[in-house]
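Some structures to go through are shown next.
Two complexes follow with chain A in common, the first pairing it with chain B and the second with chain C.
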Partner chain A sequence: MAYKRQFYPGSSVPAKNRRRYMDPKVKLKKLRDVAMDDVVRIMGHRNPGEDYKSIHPPIEEGKEPECPIRKLVVPIEGAKHGDRVRYIQFTDSVYFAPISPYQRAWMYLSRYRGVDTGTLSGRQIIEVRERDLEVMAKEMIDNETFDPALTGIRGATVHGHACRLDENGLMFDGWQRYVWDDEKKEVVYVKDQVAIPLDRRISVGKPDTMANLRKKTTIFRADGVDMRDDKEVTMYGLRIHKLRTLGGYQPWKVKGE
Partner chain B sequence: MAGKEKLFMDACKKKFKEEPTDLSTKYYCFGGWKQSKSKVEFQKTADEIAKKRGIPMLNEDIGVPLGQRSWMPYQLSHTDIYAETDDLHCVNNCAIQQAWDDIRRTILVGLDSPHQTIERRLGKEVTPETINAYLETVNHTVPGGAVVQEHMAEINPALAADSYVKVYSGDDELIDEIDSRFVIDINKLFPAEQAEQLKSAIGKTLMQAVRVPTIVGRLMDGATVSRHAAMQISMAFISSYKLAAGEAAIADFAYSAKHQSLNMGTMMPARRARGPNEPGGIPFGYMADIAQSDRVYPDDPGRAALEAVALGAAVFDQVYLGGYMSGGVGFTQYATAAYTDNILEDYVYYAIDQIKSKYGGFCKLDPTNMDEIMKLGDDINAYALEMYERYPAVMETHFGGSQRATVAAASTGIAGAMATGVADVGLNCWYLSMLQHKERTGRLGFYGFDLQDQCGSANSFAYRSDEGLPMEVRGPNYPNYAMNVGHLSGYTGIPKAAHVARGDAFTANPFVRIAFADPSLVFDFANVTKEIGRGALREFVPAGERTAVIKG
Partner chain C sequence: MSDPKAPAADYAGKPLPEVQIMTNRLLSAETTEKVLNALDVIPNIRQINMTGESIPRMINSGPAKGMANNHTEHQTITVGGREVELKYLVGAFYIELDVEDEEILDVRLEQIKAACNEHIEHGYNLQVGRYSKYKPTLHDYRSA
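Let's turn to the complex of A and B:
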């Protein structure tokens, strides 16, 4: 019998969203179209139009050692060209941001190849070969996992995910990399990931309404969907805990659990 | 706890002008770092120093603009003291330093073995009178006095005012015969029931609590404490019992002082590059015994656990992990979350109410009933996380996920420990909290939590020596525990919680417990947060200052 891949338990809205974001067969909704050059500007690793920096010759030119794994794995484009590894890092507010750090890691690893993720409480870094990163970053900024007010693009000084929201509903950023354009009711980036001022303002669009965000979020909260109201998710976590506990202490008791 | 005022309300109202439930606020309008009294003071001082030495120094305008949001004061939990975060950094807070100094400079040296040597080998009599004479002598030698050689340098007493030796024993008759100035009086210092337990546990052993001068520990390291004590104790024996300085028996005194003594910290592996008696070697159970709240406030087990957490946060997280292991300035913000603003307080007292109302009271929950334990753990953890979600002021106070993970897990762990009376159950609940926290919010702490907290369920009950130990004797050097700030504090509170719930007078070691009841110590271990607060207010007077040997 062929194994049918499972993604996440539960019947609640956050659980369903977790499954959607992780499942590579689900095409995530594109909500905006930030120009690729602007994505490159916000990330700040290279100037638009500038060549990619290389850290090794293209694989086809180099003498690869004899290795069965190398024969099995098809390199991603950036690896083929010898691109350096660069990053994008998102900060996700606790206040119903569409996605949160662990789901980002799960989603990235489920949907992309050649990525290295690092998960912290407020932010999630994703490191990839540069040309692949740019494609991926644009997808992530354009799609439904990004909200202009509650998702931040931040290389350093990332705190803010747990701070209250400002008078325009924006997540706090000590560097004020983005500001509120009151005329257009949009969020505009004025600094890049590491807070170097941009030479042009880049709009990432209008924030979603809180009502919609509650439908899109993966975060369980007492003032939204409480995890304990999703019995399957609650029991899933407790079961992992129980099995690990028994496995490390009285492994014979795992039988039948 | 429905209907009860949340314990963190006062702190939240002091921090922010909005209501604690308000989600919205203003940023970027508070004047940056200039809203902080301590930052302004720091900048003024740095400017003066830079001018004098000709090398630039602290410049608050370098790096991220500080103070873009309201600069929060911090309430030292269960006190009325508010402090700035700078004043809670262990380099700026001399009370935190003294807490560690007082632990490091303590070594417990039994007198039974030397007394046997004197009586059986040398044929001399040991009586209360000779013991008193010895104690008078050793209180001359340990602070730095000479007794044997006639032309000898000594330590300036003004530098060593904190140094002395006291004794204690479960033998009331013997203690009655000892000069009270040299006695840690168990009967007077502990509630009667605790005193009886302690005396029964230590028996007739006569133990010395040796306090080496703070400055000695600072100048050398923790490992020197046993050497300083051994040398000066041996000299005191020679002098008070009129022994020959070269006779073989003297080696027995030195041997017993060095090797039959009780350091506060055990030896760590070479990769840690420390001697014994450094903070990484202190077992959690010892630290729990050093914390003395339940001696002075025996009817408040919650406070006992919380004070143990506070002491663990200051010494383990701030000094050891933040200083010894990491260096820099980053750990204060993480660690102080566990002992400021009454947030963990609120969660722990909620847990105690739940244990009493739903689980039959302390130690009534069967430690083998895992389903019920998980139910309790899930209840307490959910409450803690819910408070962050319902009170944005609390969420912003603990603006780092590591802070929230620690505090939620500590309350859950303390709950498990108190409900069953078993520290390892508490530890297991800690990890339950971590897993459920991650699942609920989609986030936890920083990278290291993935290792330590994702695998912790599996080792929480393991007793095999390369995999686990009873929680009381695990310590910061236990595999996996040497990496994450914000864990060692909670790990100290968990065994404390188990044993206070049981009504035990000590957690791991009765000798350690009694030694830190001593009112002559500089740091008051019964009021940890208050002492740290006094340090923050710059009211705490530490030992070991060098002003006596600095002209002018």
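Let's turn to the complex of A and C:
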């Protein structure tokens, strides 16, 4: 049966953005170019230029059991080389950050292979083999889902996503991994994602204006686009709620769905 | 901030008015110092409490645990000639006013608003009420 993949209902701006970010056919806009070595420094798993550490033998050397699924699935580069699994974690402010953790999970699973991701209220971790992670991390820092002021790269102590912004418009970070450069009007990372000081300052560029962020966001807010104003999104939420509740407690009442 | 000089819980036995100033943005140490010094000259202020988001002196978890945090806003500011260590990025002030009647209260409120308007760039929300304890309750008599 020919099936056209669907992503998210609704006609409001956040609903359209959710569809865009999830659809792997949409190429996301590249807004900045942070050097790969700097991405590696911010993540802090290895030094730039250092070899990838491996804890498994390369797949070709290992004796894989006879398995039709293993023959079917093409391994990602990191898996081929037996890389370690490493992570990057983003925190997204509730103040109209371009994307929020739940949509990150949808986007990651829709766009990338070989990833494990975990959603929490304000942060989203992605775990993947190291060399693939670096490519993905650079893409995610460079593209439109990242805003220097409202998205934080934080491996631990992520507190701040629901706090008021500071006077420069930056999301609060108790460990101050990034600071505001008042001369260049840019955000600069001075610590890596677990707050170990970096030996050089890494600029991730200028934050976007609030007016633009409101057009880019996936976040429904009472002072932005209220989810209840998008009828289709509301009905979709209610339908899932109804089916889950009935499915859990009175499954015989689920008829014609 | 707990201060040994702070008034005892049973100082009045009646609720003096408290002004709550909730800022729209978290304030830098510099702005906090300016606001406090502008408030310091207003008469009838009995005490000012502040709160906000905590800035630890040390990194308290993860691989960098034990390293100095070096947060630029964790500073010692000078208010009315006295040094105050800021452990928070301040987002709220609670100003207790020792006033006799509403007429004086209104005058002081206007002065507080003028001080805030001058220094708090991104706006704030001001309310008058009572936001902290003013007499001991059962909890204060617990032995342990």
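Annotations
The rule is short, and it goes like this: the second predicted complex is superposed on the first by the 253 of 257 C-alpha atoms of A that agree within 3 Å, B and C clash if a C-alpha of one lies under 4 Å from a C-alpha of the other, contacts with A are read in each partner's own complex, and residues count from 1 in each chain.
Quick note on the criterion: a residue touches a chain if its C-beta (ideal position, glycine included) is under 8 Å from a C-beta of that chain, and two chains touch if they have at least 3 such contacts.
Given the structure is predicted, the values throughout are model-derived calculations rather than measurements.
After superposition on chain A, the partners chain B and chain C are seen to clash. Of the two partners chain B and chain C, more chain A residues are in touch with B. When the two structures are aligned on the shared chain, A:Cys163 is found in touch with chain B and with chain C. Using the contact criterion defined above for the overlaid structures, shared-chain residue A:Val254 touches neither chain B nor chain C, since it reaches no partner.
After overlaying the two complexes on the shared chain, residue contacts for A:Ile55 are found with neither chain B nor chain C. In the superposition on chain A, contact of A:Tyr236 is made with chain B only, not with chain C. Residue contacts after overlaying the shared chain place A:Trp175 against chain B and chain C alike.
When the two complexes are overlaid on their common chain A, residue A:Met36 makes contact with neither chain B nor chain C.
Shared-chain residue A:Val73: touches no atom of chain B or chain C. Contacts of A:Ile196 after superposition on the shared chain: chain C is touched, whereas chain B is not.
Overlaying the two complexes on chain A leaves one chain B stretch of 45-53, 63-71, 297-305 or 423-431 clashing with chain C, which is 63-71. In the superposition on chain A, the residues of chain A contacting both chain B and chain C are 157, 159-160, 163-167, 169, 172, 174-176, 195.
Of all the residues in chain A, the ones that touch chain C in their complex are 155-157, 159-160, 163-167, 169, 172, 174-176, 179, 191, 194-197.
If you check the complex, the residues on chain B that touch chain A are 18, 22-28, 64-65, 68-69, 370, 374, 378, 382, 385-386, 388-390, 392-393, 395-396, 398-402, 404-405, 428, 431-432, 435-436, 438-447, 450, 455, 457-462, 467.
Chain A meets chain B in the complex at residues 92, 94-95, 99-103, 118-122, 157, 159-167, 169, 172, 174-176, 195, 218-223, 226-228, 233-234, 236-238, 240-242, 244-249.
Residues 23-28, 31, 53-56, 59-64, 67, 69-73, 89, 91, 121-122 of chain C touch chain A in their complex.
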